Every structure is written in structure tokens, then in C-alpha cells.
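There are two complexes below, and they share chain A, which is joined by chain B in the first and by chain C in the second.
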Partner chain A sequence: MSIYMMKQETAEAKAVVVDDMFLTTDMPTTAGSKMLEGYNSLFEAEVLTRLKNAGYAVAGKTKVGEFGVDLLGETCYFGAEYEGESLQYPAALAVKNGDGKAAVVLDVNGAPRRGAAQSGLVALKPTYGRVSRYGTIPVACSGETVSVIANNGTDCREVFCAMAGHDSKDGTSLPESMTEQGKAAVNKRNKVAVLSSMLKGVNEEVQAKIAAAAEQLSKNGVEVVTIDAQTVAYAGAAWNILMSAELCNNVSRYDGVKYGYRTKNYTNIDELYTNSRTEAFGDFLKSAILFGSETLSTENYSKVYDKAMRVRRVIRDDMAAMLADCDALLMPAVSTLSYDRTLVERDKYLPYKENFFTAPASITGFPVVVAGGVQLVGNAFSEELLLDLAELV
Partner chain B sequence: MKYETVIGLEVHVELATESKIFCSCSAHSFGAEPNSHVCPACCGMPGMLPVVNRRVVDFGMKAGMMLNCDINRVTTFDKKSYYYPDLPGAYQTTQWFAPVAVNGRVDIETSAGKKSVRIKQIHMEEDAGKLVHDISEGTTHVDFNRTSVPLIEIVSQPDLSSAEEVEAYLVRLRTLLRYAKVAECEMAHGTMRCDVNLSVRPAGSDVLGVRTEMKNMNSIEAIKRAIEFETARHIDALENGTEVLVQETRRWDDAKGKSYAMRNKETAGDYRYFPDPNVMPVVIDDAWYEAIQNSVPEFPEVKREKYIALGLTEYDAERISESIMLCECFEEASEACGNPKEVVNWITSDVMRILNAKKMTYEMLNLDNQALGKLISLTGDGKISRANSKKILSAMFDDRSIDPEAYAEANDMLIGEQNDDMILDVVKKVIEADPKSVNDFKNGKEKALMALFGKCMKELKGNCDPQQLKVILLECING
Partner chain C sequence: MISKEVVEKVAKLSRLNLDEAEIALYAEQLSQILDTMEGLQQIDTDGVVPLAHVLPIENVFREDDVGQCFRQEEVLANAPEQSDGMFQVPKIV
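Let's turn to the complex of A and B:
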């Protein structure tokens, strides 16, 4: 048995793996947390039902960091994955190992995109609302999106098509009519913009990836321009606020009363709550809970949370304006192509820093493709166009 | 010094929709087995997403219209966070930023005169579950049947100034919401609950005093007692310095007739409201708005005036307009039989008698009103005796599908055309068999006639018009 996943026997050729943020009825769902160790769901995620109906089989579940908010799974209660001293993303390992033709993952805070960028795989995070979130562990509901990682764009596209579409069980799922309209409104401009404001703090290797991608696109007849988009650089700061606030609220349900971990050490309800959560949640998650709780306090709501929502709207408008004129915004997905163990263990705030690159697509709900180690963020409903561009880089 | 009491109410009303607010579980579990009306969604399990029940928005809007509110055409849901074992997700989905209805008005009348109570807002939200304490075991169990049952909270401005006004306001709210058929409003069932915010200040002052809140009051009588107690306590504190008033939540102990400060822990807290990202803003377009507006009923006063114009006494008009179910019964039956005065007699006697006997409220009335009109016509036309019509009405209460004519025919209760002859035969037979009573009557004993009449009626199984029988009987005796 591999360390990065729980395996299941499957004879199917069309095997996929899913990460541990998806509820399954034949295997436990833990979200990488001691809190949900051995938790068995009463129902399964909508996307799994759709994949099975399309002839896919689930070959296993890959590990995630606690509630999927970290870099690459380093906060997983069941252990992080390192190759040598280099942190590895379990879903990417599974794809590279051939456990499935694709990994279906929940992109909460960019981990799948970081994993794909560092492993040289292709990842697709579709437009928010195109794939049902029913049956995924809720964390940062306003941005998290069911995504796909595969060896190439073709496999990504195939699995995405099997999952996408309206689901009446998800109130944020887009109606088919809106998707059809949105897709029809996508115009190919044959132009890609590099966002210079997003190149801040990336190392030479990553800079080289950006340069290589730009060159490949140019070679294939795509005009590449550079835009200095200052507002987009604030996406990370705003997303950290929104994500933490939603996370704080969403993990409040794990209180030791109904299911999940319950402390043995309590004499009253307050101790039951406090001790269960203290004993079962990891440090990184606790810091996110505290931060989120703070942003929503009566004192801070308008100063912090509400402001972050305004920033979100500004960024969305600005990016939509840029995308009216080009097919995609080219930007890095990571600052470095490998996270070293000592760095990961020393800098506990690394996930909050690295999501500088992934937050623009998380906060706007715009689709993004990772290929050739870089991100191509497109306008809503432009998944097909992005996957075409990904072929070129 | 003279003082005045300033009271604002927060009234929670359970909406009478079939299903819960965000899942398809039945919303009606009063008296049901614990946790028999639950699903992963209303138990707060991860992965279920809320989908707004549109009927809840219908009812919320309609309630707003009944209370003269402006309807927010884009209304949103927000999360309110707190920990309590009966709240499975550790948050309640409610409306904090854009409630469905705002700026309303409820008119009341008391011995102090007429008054308009301003409504600040009406918001929709989900109810919490219930804790069941097992004292013998020393354990507490959670029942989630009630979680996610839709509620509206009606928040008034501090416009009320006495227990009498509070009672009038609550009764008026109940009448209006029952008129709109959006809620049961039965305090004894917990489908209407009330938080009372109260402060006292010198009469004429425009500065509000220290406010205390009493939560979850569930009977009008208890509310009145609590208001009187709190008012006296506040005045005593102001006048005699018996205690220092603090803004706090208090619990009313109705048995002891006293209010108590609750432990600070039970009341303190920051609810961390924020928009629920899983529930899209509800946009009420013109078609939706108009459909609800068209379903808003006439107010009780309008009905009463209309009924008086139809010739009903003020007393009867008042009684009927008390309940929308009686109004509908009256209006539909009158239309079917064309005799409103006769219908009101039936409603205020037979219908109310049966309701009473069955321990049913007016709101539980489930007659086929047109069939009632038909029954009244048939009785008026002498086709069914008054005695039998009561039996038929009783049957109609149990089975809504009964057609009174078909039922009378099937049960030998229909008075046919050939009946004069039949009655004559029976009368002759009875007279022949009882010459003594005939003689007694002829000698001035009135009671003897009643005996003969009763015997005839028995023979006829009640299938005859009593007036007609009396005429024939007298003709036969008098030769």
C-alpha cells in the first residue's frame, strides 16, 4: 500500500483517484484531520456518482493537508509526503505513479495547482459553479472548486466533462442556460497577457518557466503582452481573510457532540467542545480558525471582512476587463519548484504567502489551467480555450 | 414621579410550510419520535449544501405584506455562529444584512385607544433542535426534528407601553398571520414565541432607560405577568435604589412570578454574522412579487364591514371575521346557497358546536364549504329534516368528499314528493293505535299532541318536515 493514499481494488481501465475532501460511502473521509479519523459518510459526493455513471472507477483516495488549506499536504494528520527533502503533493504522486488517469481534487487554497506546477502535470480548476460541490468537505465555500490533475490536457478535459453540469443539490451550481450563454460569449483573441505584478518573489527557475511559456505561445502565433495589474496582487491578502473566516465557521460543526473525535477528558459541555477541538485540530488549522474568527468579530467585520469582499469585487472587475481583450493571464503558480523540508517546518505561514499566486483565480472563481509549471487564468467559461492554450506551453 | 414603560418585541413564528427551509425533510414533527424528521443536511453533516425552499420565501413575503412592510427585492441569507448542542452546524442561517421585509406597521386598539406599532423588520431563519434531559440517567439527548424548520422573526420598534398593548399586538399578529395562512401561531405548541425588551423612563422623557430582555416567552398570560413584574422592578430600582439596573437577559419563572438574571455565559457572545456563500441572493422579480401580492387576503375589518352590509349583525360579523377559515366557510357556503343569514346561523350554531365537541380550532376547519351550502339549501327546501341535516353535517366533518344529497338518499334521509300520502298513512295508523291520546288532546291536554307527534316522527324515521307533519296530524285529529 502506498503511503500517499488508501487504495481500492479496481480492474477498470478508466480509473481515477480522488482526494480525501470528497465524501465516499465505501471508504472513510478524513479531510486529513484527526477530527474526522474513521468518519464514514452516509452519502457520496455528486462528482463521484457522475464519474461512476460515466464508467470511471475510484482507485483510491489521496491524502490532503488538514482541511485542504495548506501548501501540499504537510499538515495532514496521517503524515506528509517527502521525496528526499522535497515536499510532495499526494494527488500528483498518484497520477505520476499511474494509479489513475486523473486525480479529482478540491482546490481550497491552491494546493492542487502548486502540486501540478511542481510535478510538471496539467491541472484544471474550472469556473466556480460548473462542477457540483455537493458531498465535498466544506471549507472556503465561496471559492473552493472541484478540480482535475492529469498527465495532459486531454485527460483533464475528459474527466472534467464527465463531472461538469448543473446539480440541483448545490445552490451555487450554475444553470445550464447560463453555462451555454457563457461559453458562447467566449471569443478567441489569440493573445495572452503576462501579469508583471504577479512575478514578485519568484525564483529564477520559476521565472524561466514563465519565459519559456511566453516563448512557446509566441512561437505558436499567440501575441504575448505584459500588463502591470496592481489590484490582482492584493488577491492573496483578501483571500486569506475570506478563506479563514469561512473555514472558521465551517469547521465549527466539529465539536465532538455528533460525530468525529470526542475527548475523553470532560465534565461539562464547554470542556467537551474545547478539549475535543484542542486535541483533534492541528496547529496550522487552529491559527486559521483564530484568524478567521477575528476577521468576523463585530469590531473587525467592516474593517476587515467587508473590505476583503470589496477587494474581491474590484479584482474580479479588473481581471474581467483584462480578459475582455485577451485569452488568458499568464502568471506563476508557485514561488519555487520545490518546497524544502526545513523551509516548510520553519515558516508556518508559507501557505498564506504562496497563495499570493493562486488566490486571483480562487477569489474570482475564474477558471485556470496549470501547464508547463505556470498558470493561465481565463475568463468565466473559457475552460476549453485554456486547455487549447495549455497544449502550446 | 410618573413613569412610562417602553417595550419592543421580537416574535418568532414557525412558518407552516410542508418542508424545512434548506432540505426536503417534513417540517411537521410536533409530537413525533425524536430524530425521525432528519437528514444529513439538517443534522449539520459536512458536504450537504443548503437549497432554499421557495415556499419559505413566499410565506416570508406574504407575512411582510400582511404587516404593511416593504419587501426587499433582493434578500440574502447570512450565517450566525454560536456553539450549542442543539445547533448541529454551530451556525444558524438567518437574515442579517438584507431581511425579506422592512419598515412595516401593525395597528392595534386597546382601552388607551388606537395605536400603530412600527415593525423594524421581518427576517427568515432556521429553527434549532431541542435538548431532552434525562434526569434519572443524568444525560442529555439531542432531538434534531426541529432543526431547519423555517421561522420568521418579527422585530418591532419599542412602541408598546403596557401589558395590554402587548397582548393586543400579539393577538393582532396572530390573526393577521393566520389570515395569510402562513403560520399556526400557537404559543402552546411553540409555533409562536416571544422575546420582550423592556425599559422604564420618567413619563415624557425621550431618553431610553436601561433595557432588559426576557427570552422565549410562550404564553400571553405569562408575558403580561412578566411585563408587570419587570416594570415594577425597574421603577423600584429607579425610585428607591433597590438595585442597579444593567442591560441583561433575564429568565422569567412563571411559577414563581419572578424574573432572574441569566448567567453571563448564557448570553454573552459575538455571533460573527457573515453572508452565507452557499446560498445565492434570492431575487424577487415582478412576477413573483405580484403573485404573492395577489394572494394576500382582505383584512378582518374589511370582511366585517362587508358582512354587516350583507345583513349580518355586528356580533356575528365580528365572530365570523375572527378567522379566515370561518370567513371562507361563510363566503363559499353563502355563494352556494344564496342565503348568508341562514349560513351564519349554521356556522354559529352547528358548525361551532361540532368544532367544540371535536376540540378543533377554527383554523382546523376542513369542511367542503360548497357542500355545506348545498346542505343548507336542501334543509331550507324541506328535502332533509333539520334533525337529519345535523347528522349529515357531522358526517361531512369526518369525510370531506360527502355530497349531502347523495348521502341523504343513500341513508334514507331524503324527503320525497309522495310524502304527503306516506305521512297521512302513518298518522292514521298512530291515531288508530292510541285513541286515548287523541281524546286527551281533544280535552285540552297539549302534551298529548306532542306524544302523538313523536310517535309519528319515529315511524317516519325523521324523514319529514315537522311543520308539515303537524299540519297533517291536526287535520286528522280534528277530522
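Let's turn to the complex of A and C:
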């Protein structure tokens, strides 16, 4: 099984791989779904234009799980990647193979961070709005962020800098003035806080990674403290609601009319819509659509969706308060360093549970660096500081 | 607990067909997920304003100029069925 949807030879010395959530004009874009099999975009993602202008070639497109919401790609219509019995993240394997300086990926529900943590690579999910999402397949727009995976922080930084900056084509892109102000407001405290409430359910290997990272930071003169922040532990539950609701709206566009899969089995327009969607979407995506639709129903809106948005503010404010006093919050990215095939196939809802660790940065838009198998979540615009810390762990 | 009727209703709104076994399965699974959300009620959010977006986003305006345009055949290139330069669908009215 290939980790690529398509791979191409490049003459350029500098190359990156991208995942299949980015629109490309020289390769199809499928978002890992039968719905978009063979779809050819008329325009390309803004970040690819910027990378090409900076001298990078795109060496290929790696597979993603259907619409990028799963663990590591196990719901990809075109096949999941296992090494032995261990589930693998295709973009991380591409970086390990040396197919490019970095993988440029869309972090919808934490898959790139899980992949980097389990592969011993470095990942950067920048502050929401610093990198254009123009030309990425929309799924959970209020949190998804263009991210970078590389062998080290230096390569992450280089590729991030080539992509970052205001884009008038993306309505959620930050103005340069706000970025400059935000960067100027970042103060180095030389202090990192371990969030004890986020250590719930991690196995011994991951606990050892957290301990090792804390020790390395201490050794290098960084003060390491422990904070018990209860609200942050609810980020996963709140994010599941917001992500599913946004997903259900975003994939409502796939109806088999103008592009994408169309059923052969229809006699009227309703059957065309319904049968196209039923035949093209996978089980996990369907459950997310149903759940999202249910959370937005009249009966649930205030108890579920509205509540999740209020909790989002509480978590954002609590994390910002903690980050006023330290450079980063240290927490796991995963519960285990390998997902076993039997577990993945038995527990279809693992992505809703495992994102317990990745949701705090998704729901707040705060930047996060994965290094040494752990996450360092920082305040908005603190990418440089986080990448410096990553060098130490 | 989410009833089968609720799953059927939501599936219909989402334009998805489910068979009896799938309806039962999703009813159970959606109930499980909703149960885990109950935890959120423990966080006091009285007086908290919902946060839809993490950034102070403002509406973006631009001049209504003609930008890049695509030719008709380009736009139709991804169409599952087309006829006479149009997207083809079954008769609606």
C-alpha cells in the first residue's frame, strides 16, 4: 500500500509533500473520500503558491483519513497504512523517508500531531489565522490549521515562514498589524507548566516522554511547574461538538450535482442527493454528520452547541491566564505511542476520545509544537518561542 | 438516550439512507457520545458569552472587481453528468 495518492519527480532541490486536503491543479484532490475520487481543482491552495514562489517543489500528496477527522488516516477510502499491526500516519512516513524537507498538512482533529508524536518528528501547528486556509478542503473551519511536520524545528520554521502571512482570499487570515502586535507582546518567562489534568489515561511510555521532556527543560535552565487545570480537560468534549457541527454543514455541499460522486441509482433529485451521499461517505464520517446535525437541532442547540461555545471561551481564558506566567503548557499528544490494528478496528470512536489531548490547541487556536513525543502549547503568536523550547526536549 | 426515531429524522435531514441495523447502531453510538458531553454541564458558564471564533474577526470588504474567471468547459469538467453546457439533473418540477 502506498502512502501517496500521487507522487511526482521534482527537479527542484527543495521539496515538500502535502496531504490530500490541499487543492492542487496538477494532481487530483480527494480528502480521502470516495465522494471526491478523481476531483481536479481549477485552482491551487494559497500555501502551495507561496511555497512554489519560495523555490519549493511539491513531491507528492500523502493520503488522509476521510476529511481528515480520524486518528491517523484509518478511514481513508483509498486504504489505511499499517506497519505490522501498528497504524501509521502517511505524511510522517513521507518525512521519515526523506521525500521532502517537510510535510504540509491540515490539522483538523490532531492527526498530524499524533503522527509526529508517534514518529519522533517535530510538528508545528501555528496560531489560527497566521497561515492561509484558502484552497484547503473545509471541515471544521473554526479550528483547523495548516501545519508543518519535519525532522527538526529548523525545517519546520523555514517552511512555516515561507507560507505564513496575510491572505486577502481567506476571511479568517490575520492582518499583518495584528500579527506584529501579537509577536511583540510575547515575553519569554523561561518557565513551562505541566498540566496534570491532561495526563489522564496515558500509558507508561507516554508518561516517560512527559517526564523526559520536563527533565530536559529543567536541565537547560527552564523552570518546570505542575498546574492542575480542570477546565482544559473538557476541551475534547467541547471540540467534538463544534467540530461535528461544522463538519456536518461543510459536507452538506456534496450532493452529486456539480462535482463529486453521483449514484447510478436514482429516479428523482432527492434520490440523487441521498443515494450519492449514502454510497460515497464512510461509516465514521456518517456518524460525525449525524452527531453534528443532532447537536444543532432545536432541542440540543442551547444545551449542547451553545454550551460548547461558552466552554470554549472559559478554556481559552484559563489557558491565556496560565500562559501569561509561563512560555508553554506541556501535555501529551497521544495516549499511546502506537495504535494497534485490533484496537482501531474495534473502537470506531477512538478519534473522539484520543483528541482529548489535541483539542485544547484546536479549540483555542493557540500554537503548539510537538517534539520529543509531547506537546508544548503556547500563547498566540509564540511560534518562535515554542520552536526554541522544542530544541531542548 | 437517543431513540431510533431521532436517528431516522437526523439521517433524513442529512440526506443519508440507513438500514435498520445502522439505525440501531448509530442510536446507541450517538447516545454514548452525547453522554460524554454531559460533563460539560459541570463547567459554570453563567454570564459567559459564547466564543464562536478564536479571533476578533471582522467582515472583509473588497471592490466588486472581476477577478479570475473560468471557462464554461473548465467548470463543467468535474460534473458527473452534463448536457448542452449545463449540469444535468433529473426533472425537478
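Assorted remarks:
Everything below uses one rule, namely that the second predicted complex is superposed on the first by the 388 of 393 C-alpha atoms of A that agree within 3 Å, B and C clash if a C-alpha of one lies under 4 Å from a C-alpha of the other, contacts with A are read in each partner's own complex, and residues count from 1 in each chain.
Heads up, the rule we're going with is that contacts are C-beta pairs under 8 Å (C-beta built on N, C-alpha and C of every residue); 3 or more make two chains touch, one makes a residue touch a chain.
Everything numeric in this text was worked out from a predicted model, so none of it was measured.
Residue contacts after overlaying the shared chain place A:F160 against neither chain B nor chain C. Ranked by how many residues of chain A each touches, chain B and chain C are led by C. Touch criterion met: A:Y134 reaches chain B, while chain C stays clear of it. In the overlay built on the shared chain, the residue A:R262 is in contact with chain C alone; chain B does not reach it.
Once the two complexes are overlaid on the shared chain, A:Y89 sits clear of chain B and of chain C alike. Of the two partner chains placed by the overlay, only chain B lies in contact with A:T298; chain C stays clear of it.
Looking at the shared chain after the overlay, A:N249 reaches chain B, while chain C stays out of its contact range.
Using the contact criterion defined above for the overlaid structures, shared-chain residue A:F356 touches neither chain B nor chain C, since it reaches no partner. In the superposition on chain A, A:Y56 makes contact with neither chain B nor chain C.
Common to the chain B-facing and chain C-facing surfaces of chain A are residues 42-43, 142, 168, 171-172, 248, 252, 255, 257-259, 269, 273, 293, 297, 309. Within the complex formed with chain C, the chain A residues making contact are 39-40, 42-43, 128-129, 142-143, 168, 171-172, 174, 231, 234, 237-238, 240-241, 248, 252, 255-262, 266-270, 272-275, 277-278, 281, 286-287, 289-291, 293-294, 297, 304, 306-314, 316, 348-349, 352, 363-365. Chain contact summary for the complex, chain C toward chain A: residues 2, 6-7, 10-11, 13-18, 26, 29-30, 32-34, 36-37, 39-43, 45, 48-55, 57, 60, 62, 68, 70, 74-75, 77-81, 87, 89-92. For chain B in complex with chain A, the touching residues are 40, 43-52, 79, 81, 83, 85, 88-91, 142, 270, 272-275, 277-280.
Put simply, chain A touches chain B in their complex at residues 23, 31, 41-43, 45, 133-138, 141-142, 168-172, 245-246, 248-250, 252-253, 255, 257-259, 269, 273, 293, 296-298, 301, 305, 309.
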